[in-house]
Each structure stands twice: as structure tokens, then as C-alpha cells.
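Each in C-alpha cells, the structures are laid out below.
Shared between the two complexes below is chain A, which has chain B as its partner in the first and chain C in the second.
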Partner chain A sequence: MSLKQIVPSRKAKPQSRSRKNLGWLLLVPASAVLALVIGWPLINLIILSFQEFGRAQVFGADIEFIGFENYSNILTDDGFWQVLNRSLVFAAVVVVSTMVVGTLVALLMNFVPKRIKVLVQIGLLVAWAMPQLTAVIVWGWMFNTEYGVFNYLLSQIPGVDFYGHSWLSNPISFFGVAALIITWQSVPFVALTIYAGLTQIPKEMIEAAWLDGASGWQRFKDLTFPLLRPIFTIVIILQIIWDLRVFTQIYALQGLGGLREETNTLGVYIYLTSLGSGEFGLGGAIAVVMVVLMSAVSAFYIKRTLEDMDN
Partner chain B sequence: MMKPVSLLGQGALATLMRKEQKMRKSAVVAMFGVAALTLVGCTTAEDTTSGSTTDNDTSSDSATSEDAVTGDIRVWINGGDTPDSAREYLIETFEAENPGSTLTIEQQDWGGLVEKLTTSMSGSDSPDLVEIGNTWAPGFTSAEAFMDLSPYFDELGGDDLLPGFVEVGTFDGTFYAPPYYAGSRLVFYSKSDFAEAGVEVPTTLTEYVEVAETLNSELGTSGVYFPGKDWYNALPYIWENGGEVAVNDGGTWDAQLSSASSIAGLELVKRAMDSSNAAKDGDEAESWVAYCEGGHSMLSAPSWAAGLLVPREDAPCERSADDLGVFALPGADGGAAQIFAGGSNLAIPQASQNPELALSAMKIMLSPEYQTIMGNNGLVPALTSLGDTLGEGEIPEAVSAAAANSKLTPASPNWADVEASGVLQDMFVKIASGEDIADAAATADAAIEDILNG
Partner chain C sequence: MISKNRNLKIFAGSVAGIIVFLVSIFPVYWMLNTAFTPNGLTRRSEPLLFPSNFTWENFQTVLFDSDQTPFWPALINSLAITMLTVLFALAFAFLSSVALARFAFFGRKTFIVVLLFIQMIPGEAMIVSLYRQLDTWQLLNSIGGLTLVYVATVLPFTIWMLRGFVLGVPEELEHAAMIDGCTRVQAFRKITFPLLAPGLVATGVFGFIQAWNEFLLALVVNSRPEAMTLPVWLRTYQQVNNETDWAAIMAGSTLMTLPVLIFFVIVQSKMTSGLVAGAVKG
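Our next item is the complex of A and B:
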């Protein structure tokens, strides 16, 4: 049975011209707000990225336009490329782990009895509602070198001695801890969203597929996933954006341990350049690069979805 | 940043979930929202640039005018360091000396204050008098954020002001920011541990490290609690061995951590760190908690931490009050070592609307009466002649001894950037973890020169 037959067909309703105009009119207020709160700061950011703008300029020194100097500075800086690569790899790992775990939890919730489902949902909501900084501090204590519960538990295994092991001083295990914290806090959003989508799939379809002898994996691959594809798309985009510009968790973890220079990600790097070092022009240029990067990611998915709609 | 985004995502997704037919359209709409929000997240870094017009016509000369000026001034005091009695004294004295004017104290949090000061002092709503962390001073003085106070140097205390703080508050020969108070680092120790290991209070820095090593090998405790990121406490080792972090060589900063003298100091740091059971990449925050746990025989900490190293009502402590001893970190040749001087400076923002009144308030805050209140509350007064206001006893004596020989980080406008980059923490963590000292120092030197000269 192919997908086309399952999904109810849509009928396009002919719209009158005045209705169409009304549609454009209704878009005006939202567009105006977006232009004001997003367009204006963005224009300022772009202007800033072409200026020599440090603390002296904040206090009234003359502002000089320096063309692409900020851009050539960052693009020829090895440090920037290291940070960019690190951020991309880290975001990829976290997005994949979040999506896999989140989807599995959502599928699980679809099968377990109601009481357990409510318990799982409460657990997820609590994890989600926890302020990021609080989460990092709690996890940080669990991985603490001297008092951490992980070191204690691991050391209970015969022949294993993790006392005094520092999880954050090695960049790889630093990012392991960071990925764990971020995944832990992102899974609830993914799981609840996908679960909500799952509840909208008519039971009859699943039943029909089951009767036709489709395995669990086949039912997911050929039925559930295509139906929920728009949800997956938007959740993945959101995760990519959030994970690429991750700030709080990395910045706070750096305060708990680890080597700052080897663990900076894009968000932290922009913060340190702009507010830490007072080089607002340079930080602005890095931010513009990040905007372009993330817009490209978003545009790719928007294009894909539009193509899907046309089919 | 995460919250508004997730709320929108949630709202859009709630729509998505209603019917499969509507799913696709809604998804696209939400995606435009996402694309837009991508942009929001990245523009916050430049918030501070708005409204950067500065009022430069508040020339310092006008402050000498005898005309009675009245106004309402706002004073920024940071954290709870300044005692209430001093605040009351400031308000009462100011309003008595300046009839018709009022003074309001607005307490600020230390965290994120550099950013807040940058924003507020560049706008039209600037506070009139601010307290700043001493190592931040060059970052602001070099940007001409403060009023020139050179003509009032003598009135504000002159040569009696803490010299290290005057130096950091001066840029290019112009005096901008007098000291407010200083903190001081002391070595606290357990008398019973010393007796058990059979060691005496050390009189030189090398002896101090040897005592730490003995305590560690005899008792298994940390000789001195020394987490890897604690660069404040590591600086004296470099200075006492004749090394420097960086020196200004004809306008160019030359980082000195890999000089022979500095390396000798860093080797001593390594020995002290090896005697410690603290995390090799831990920091010094809450070090009193570790001390109270009982596994550490010595601890180098700010003087005000003394009250936290004994059992308190709300916090138990394995160490008794009788057991707590204290001394100033000894120098290479005896006497007190040159320690890192924490503390604050005061300054009047260029954008202040009432510079004359702000100056009047500043004079009160640097008066012997006001500074005596600070001294009585355990803060090292800005006036060196008031050292005895700290009182009598072991701790005040150690504080005075240590403060008399305090030293600051390089007075470069970019020094705050060095601190923000974490390069010093990174270097000491590497040293604590057993990496090659010369390599770690050379890497740090390159990074520091890059920032200071950049």
C-alpha cells in the first residue's frame, strides 16, 4: 500500500481576489513587528561588523568604517576556524543524539499504559522546565572531581578507580559531559512534540499496516515518519539552531573546569570577543557569519519542505 | 535566549498538531519564524552599542567653582562589601555638606558589571560615581570613560592612597580613579595539623612549599589547598622569584612567563600544587567549604574568609575556631610576599550630570572618618595611614603585612581581556596536570602578547 492512498487527499478551494488581499493585509502587523525587533538590530549588527568599534568608541571616540577588515581578520584567524569546526561537529553530535533519544521516548510513550505515560511526561516537563544554568551546576556537581557521584559509582566497580578523575580537563570528555547535559534538556521538547504528532495519526492506519504484516521498523519508516515529516523537519531545524549557538551550558561548564581555549564554541567565542574583550566590531562580524550559516541551514530545509508541498 | 524561541516553537507546533491537513502550511510559517529568530539570537552581543553619544563638555575645571550647585546624584556601590554604617555616613555627611542635594546609593551585582558599566556610562542616564574592580580600571581609563581627577589628587588623599591602586587608576600620566578599599590574601592553617606533622609557620616561600610537602606526605592532607585555576594565588610565586606576567617595553608588551625567573616560580607553584588534593582543573570559589571538610591543612584565601573557616550556625565545619591559625604568605627572602591585590577603585563617569557633587561625595568616601569605618569592618582602607583601624590580633596583623606588599596585574587597557580569555587559568591547569612547564608558559606568553598588543 503506498502512502498516497493512505493520506487523505486535499481539495484546493478557489479563493476570491478580495480574500487574497485580506490575507496580505493581515500579514502587515506581524511583518512590521518582525522588521522592528529583528530587522533593525540585524541592520545595526551588519553596520557594526564593518566598523572599528571597541570600548573607546562606546565612550564617544570617532567611529571608523574599515571595510572588510573585521571579516578578513576572523577568516584568516586559525582560532576562528577551530571554533567553527568544533561547533559544527558538536552540534551534529548533539542534534543526532537528541533526535534519536527523543523519537524513541515519543514512540515509547505511545505504547505504555496511561499512568506511566503521565509519569514520563511529568519527568520530561521537569527536565525541560529546569533553568539551563541550574541544570549545568547540578550535572557539574555529579561529575565533580572530588565529590562527584559518577566518580563514586564508577569506583564501586571492582578494579576501577575513578577517584579524583577530572571529566572536564580533557576537551573530548568535556564535550561528552556538555552533550549529555544538552541532550538531557532537549529531549523533552523533541519527545513531547513528536508524541503529540503521533497521537494525531489515525489508529486505523496503524492497525491496517499491522494487519498487512508490517514490522515495527517498517511502520515507523513507511508510515509514521512520512506523516510526521513536517514536525521532524522543524524540530531538527530548531535543534540545529539551538545547538549551534549553544552558550549557557558551555560557558558555565568552563567555569567549573576544563581548558577554556580548547572548549570555546561559536556562542561563547562571540561573547568573549564582544563583551569580554570589548571588540564589538570583530564580534559583530563573527555574529554575521553565524547568522549567514544558520540562515543557510534553515533555507535548505524550508526549500525541501516547499518542494514536498508541491508534490 | 532559549525560552522565547521554544515558546514560539511550541505555539506553532500546537497548531501543527491539530490536523494532518494543516500540518505542512503551519510548518512553513513556523519555519520563517525560526529563521527570523536565528537572527535575534545573534544580535544581542551588540546591545551595548546603542546610544553611544557621550557628553564631553563636563570639564573638570568647573568642579572647582564656588557656586552652590544642587542636584540629586546616584552612586553605584558593588555587592555587599561596603558596610551599612558606611553607607549611612556617606548619605548623611553628603546631604549636610551639600544642602538641597541628595545622594542615592544603587547597589550593583559584581557579576556582569563591566558590561553594565559600559552601557550605562555611555548613555545620558549615567550614574555620577561608580565603584570598579581594580583590574578593570585601565580598560575604562584608556577609553576616556572617566573624568580627569589629577587636579584633586592631593585633596583626595595624595601620597597616602594605596600606591598600587593609584598606579592602576592612572593612565598616560592622568589620574582617573583613586582606590576605594583593598582586599588581602592570607594563609590560613590548622594548628593541630602543624603540630601533628611537626612543622612550624614558614618564614620564606620555599620553606612554605616544603611545609606543604611535609604535611602532604605525613598526614595525607593537602599541604596547601591549590586548585589548578587559582591564578591569583599563583602570581606571588612568579613575582617573588623575580618574574613578571608582562612588562611594557617601549610601548610593546613583552610577556615574561617563560623567562628563567618566572619558570623558577612556576616550578615552585607546581610543587605546591602537587602537595594539594584539590581538583587539577578546579577553581578557588568556595575554597572554605573544602577547608572545613578537613582534608586540607593550609588554605590561601581573602582575609574576609576567616569567618567562614570555623563552625557557624548554618554550616558545620570539621575545623574548630581554636585550631585556625593565620599568617601572611612569606616572601622569597622572608617578610611578606608580594601578593595579588584585590579591591576596588572609585571613578566619576565623563557622562555624569553632576561632576561637582560627585567629587564632593568621593572626597567623603576617601575621608579618614569613612575609611575608618571600612577598616573597622575588615576591609583594607584606601589610606595607608589608617592600617591600624583593622584592629588588633593575628588576622589584622597579617592583613596589614600582606597589604603593604601587594602588587597588581599589568596596567594595560587590554588586561581585562587577558582575564576574560582564561589564558592564565588554562596555563596553571596544564601545569597542575603535569604538562611541561616551559611549553605551557610559552603558549601562554604568545596568547598574552597577542591580546595586550592586539
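Our next item is the complex of A and C:
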């Protein structure tokens, strides 16, 4: 044992205190930006949601506190509930389709020859890398009513005539196209993440199950899935969060020929209420509802991440 | 019998793999195909499946003949905002990540919880008050305003990602250097910092992609034509030329996509591991 450990050095204490302070000091720039651009506006958002704040107030009329009126207005508005339900159903559909396709692609990568695997990975990377907005515009072009390649290809099937078919003017097929675009772009993250997990499973375990005569589905259900449960959990949570807040794809698709009224989701609704119609107070209340809704989902993610950090 | 069955499975799997590949890249292929085909030939119900009449004229149109919605100012705005975002986000995230990875202090965990929470706040909900906030500060339609917003939106993830890289450099290396006579700062600068370089590059590229692609906040905060970034420009361009010139719209899309595609391939593996670092370990 050294002398230092027995006799506490005089310097030790102030040094460690200065180290503590240095730790905080290093956080100052980031904290300042986050407080200024996220924290303060978040507080203002909550205040705003209790105010009467429309076009008149933008042009200088007095701002009045009206308690929960904005909230009671939106919660009794059928339009809001329609948008909320639509967002929830749409997110559910996209999460399921993304997870199913993503898992299948991951399992596929795990057993095809290396050359094919590399090909799949290149494809996934390209789809993932495409900026959301360009992706929507390109898909919109492929689904174009008059000159779109899809209508042409579908019409090549004998007995099928899709020439001049408008995909976006019907809300159901509008959301079908939106779901297709988002799934196409989200599958790469899911597939590559799950595949990364699959490669961690010892080959012997799979082979043992194989020799025991377990079918493909059994092997997935009883072996792979339980082992990869943490990865599945976090990927699903992230997908729910990303799909619930979808904005760019819906907004840009509406610009390509969708019916606004019947295709708004939560994010677009907030944008149109606040910046479109100038109803900032009302938009603020909807935004607060959205934050609360998302926080409930995010809480799982945060808890999960902290647990993993402690391990 | 079993091996025959297995070969069949591998064959079927390979076919499925090729289909996945084709479906994945088809939109990008179609974008390029249309971008390099003369506009007149794209307006047919029977499209050309290959760019057999190869032309650069659509790029010419986007770059030099679109006076109504000019490309160059949007490119300059995008470049300026993206570079500044990367610069500030990297600097601030670097300091924070060192604090979180190397220092034990009261409130560290709280900071991390707040960070994760902020990362999960949807930008869609923040547009109302962000717009008013920047309006008050007179930062709407400016490079500084959107940069500030972007620095804040990429910070949580960049801090988290860099923290992982700092943790990856063993502190013992610094201690060894200090025994050899370096001060702590020297040890950090000479030993840890060079080892962090790949992490800084990956994190910087992540910030670049985020800022380059971001659409919603740019639409809200920089809506004036002269302040637009590329994504908002591209949407406007598409709205203006929707009926007449899809070839040019695809050329514009190509110009916006290429830099991201290149950068993305460089950092892809690091981004996945950063996002789910915790989950994979468990």
C-alpha cells in the first residue's frame, strides 16, 4: 500500500472539486443551446396552449389566458379525433409492415451466399441514404397518373389496365403509397440492425436446434426472437416514434395530388392549424397533446437506454 | 435429401435477395434514368426503361435556366447552414461527450436523461413556438437562425454518439502518457484525440446528413425564396414544374441526393451501432 492511500493528500480534495466543476463547465455550451432552442420554446409552447392566440394577436391584439379552452376545443372537435385516429392507425400499419419485412430481410441475409448478401446490403444502404423529400418526389413520379412507370408496368399484366389511374386522389391508396414509401425507407435500418444481432448468435446454437428438427418458424420463435428481444424492443419503439410523427412524406405527397382534408396526420395538422391558419394557441394545444403522447412511448426508450448504460 | 432441400432453399433465398436489391434501388435508378432522358421523351405513357437518349440538358435546365426558382442560392444556403451546423455541433458535442465519459459529477445521469428526452421531442410539435421564438429574435429567414435550430436538434444524438467513441478509448492510455511525463491536457491531445478522429468524422457526417436533408423546420423557419435550403427549394421546384418538366425535377433530386449518398456509405456502420449500441450489447 502506498503512502498516498493511507495519508490523504492535501491536494486531493480541491483537485477533485475542480474536476467536478470542469465536468459541468464542459457541458455549458451544449446546455445553453439546448435550453435556448428547445427548453425555452417548450415552456412557451405550454404557456401558448393556454392562451387565445390567433391572427389578431399576431397583429398586436391583447393576449388573453383562457385556461383549458384550447384543449376543450380540440378534444370536442371531430376533426382532431379523426386526425389522431388516422395517425395511430397509419403508424400501426407502417410499424408492422416495416418490422415484418425488415425481420425477413435480416433472416434472409443470414443464410444467403456472401455475394447475394453484399448485394442486399448495397440495396438497403441506397434506400436508406435517400433524403426523405427526394424519396417522396421520386416515388410520386413513379406513381404519376399519366407518365408514371407503375401504371405502365401494371398495365403490362394481361387483362390489367392502369393507364391514367390516379393513386393519390383516393385517401386509402394515398396512404397505401405513403406506407410503401416509408416502409421502403425504414426497412434498411430495421434489417441491418436485426442482422447485426443475428450475427452475434453462436452458430452452434442454431445448428443444435436444426439437428433437433426444429422448423424455421420454431427456431425463430423459440431461439432467435428471445435472444434478440432487446434489439426488437428498441427498434419497435424507435419505429413507433418515427412513424407517429411523420410529416415530410405526407405533406409532400399531398403536394403531389392528395386531398389535404382527408389525409392529414398529426404533424401536418399542427403545421396547417398554426402556420397555415394562424391559430397558434390551438396549434400549441395540439402540439402539447402530441408531446405527451410521444413521451409515453419515449419513456420506454429512455428507461431501456439507461438500463443498458448501467450494465 | 436434406442437402438437396438445402440447396433449393439457398437458391430461393438468393432469388429473394436479388428481388430485395432491385426493389431497394429501383427508385434511385428511376430518378437517374429520368434525369438523363430528354424531357419530351419522359412524357409518354410508355416510358423508356433505359436512358437510351442520354442527355445532360435537364441538369442544364435546373442549374442555369430556372430563373423563377434558382438553384444556386439554395445550394449556398444549404452549404452554409450545413457546414456551420457541423462545426458548432461537433465542438459542443465533443466537450459534452468528454464530460459525460471521463468525469464523474453530480447530476451526470440527470443530464443524460434530459438529453434522451430532448432527442425524443418531435420537431413537429415544436414548430409553433420555435417559429414565434425566432420571430422575436428576428432570426426568421436567416442562416444563423436555422443553424441554431439545427445545432440544437442534432446535439443530443451527436453527444450520445461521441460519448460512445470517447468511452472506446481506454483511459489507461492517458494515464500511461501521464506517467511518461505528459500533463493531463497533453495526454488527451496527443493520445486520445487522434484515436477519436474517426468518431469525429462519423459524427460530423451524421450532422451533415441531418442538416442537409431536413425539411420541416426549414419550411417553417426559412420560407422566403432567398432563404430557402435545398429540400424546400426542391419541393417548390416540383410544385412549379409538376405539369411540364419531370425530367428537370429528377435532375434536381439527383443533385440533392448525391452528396448524401456518398457520405452515407462512409458512416453507415457507425450510425447503426450508435443508435442501438445499448440494445446490441444486452
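Operating definition for what follows: the second predicted complex is superposed on the first by the 248 of 311 C-alpha atoms of A that agree within 3 Å, B and C clash if a C-alpha of one lies under 4 Å from a C-alpha of the other, contacts with A are read in each partner's own complex, and residues count from 1 in each chain.
Keep in mind that, in the parts below, contacts are C-beta pairs under 8 Å (C-beta built on N, C-alpha and C of every residue); 3 or more make two chains touch, one makes a residue touch a chain.
Treat the numbers as computed from the prediction; the structure is a model and nothing was measured.
Chemist: May I ask you to decide whether A:Ser166 touches chain B, chain C, both, or neither, giving the answer as first, second, both or neither?
Modeler: first
Chemist: So in the superposed three-chain picture, is A:Gln57 touching just chain B, just chain C, both, or none of them (first/second/both/neither)?
Modeler: first
Chemist: Applying the document's definition of touch, where does A:Ala196 land relative to chain B and chain C: first, second, both, or neither?
Modeler: both
Chemist: For A:Ala252, using the defined touch cut-off, is the partner it touches chain B, chain C, both, or neither? Pick first, second, both or neither.
Modeler: Once the two structures are laid over each other on A, A:Ala252 reaches chain C alone.
Chemist: Quick one: name whichever of chain B and chain C touches more residues of chain A.
Modeler: Looking at chain B versus chain C, the one contacting more residues of chain A is C.
Chemist: Across the two complexes, find the residues of chain A that touch chain B and also touch chain C.
Modeler: Of chain A, residues 34, 37-38, 41-42, 44-45, 48, 132, 144, 146, 189, 193, 196-197, 200, 230-231, 233-234, 238, 241, 245, 247-248, 255-256, 270-271, 274-275, 280, 283-284, 287-288, 290-291, 294-295, 298, 301-302, 305-306, 308-309 contact chain B in one complex and chain C in the other.
Chemist: Please output the residues of chain B touching chain A within their complex, sorted ascending.
Modeler: Residues 1-2, 5-6, 9-10, 12-14, 16-21, 23-28, 30-32, 34-43, 45-46, 48-50, 52-54, 56, 114-115, 118, 121-122, 139-140, 142-145, 228-229, 277-283, 290, 350, 413-414, 416-417, 420-423, 425-426, 429-430, 433, 447, 451 of chain B touch chain A in their complex.
Chemist: Any idea which chain A residues touch chain C in the complex?
Modeler: Interface residues on chain A, with respect to chain C: 19-20, 22-27, 29-31, 33-34, 36-38, 40-42, 44-45, 48, 105, 108-109, 111-113, 116-117, 119-120, 122-135, 137-142, 144, 146-147, 149, 151-152, 163, 184, 188-189, 192-193, 196-197, 200, 230-231, 233-235, 238, 241, 244-245, 247-248, 251-252, 255-256, 266-267, 270-271, 274-275, 280, 283-284, 287-288, 290-291, 294-295, 298, 301-302, 304-309, 311.
Chemist: Would you pull the chain A residues touching chain B in the complex into a rising list?
Modeler: 7-8, 10, 34, 37-38, 41-42, 44-45, 48, 53-61, 132, 144-146, 164, 166, 168-169, 189, 193, 196-197, 199-201, 227, 230-231, 233-234, 237-238, 241-242, 245, 247-248, 254-262, 270-272, 274-278, 280, 283-284, 287-288, 290-291, 294-295, 298-299, 301-302, 305-306, 308-309
Chemist: Please name which positions on chain C make contact with chain A in the complex.
Modeler: Residues of chain C touching chain A: 9-10, 13-14, 16-18, 20-25, 27-28, 30-31, 34, 42-47, 49, 88, 91-93, 95-96, 98-100, 103-109, 111-113, 116-118, 120-133, 148-149, 151-152, 155-156, 159, 212-213, 215-216, 220, 231, 234-235, 238-239, 242, 246, 249-250, 253, 256-257, 260-261, 264-265, 268, 272-273, 275-282.
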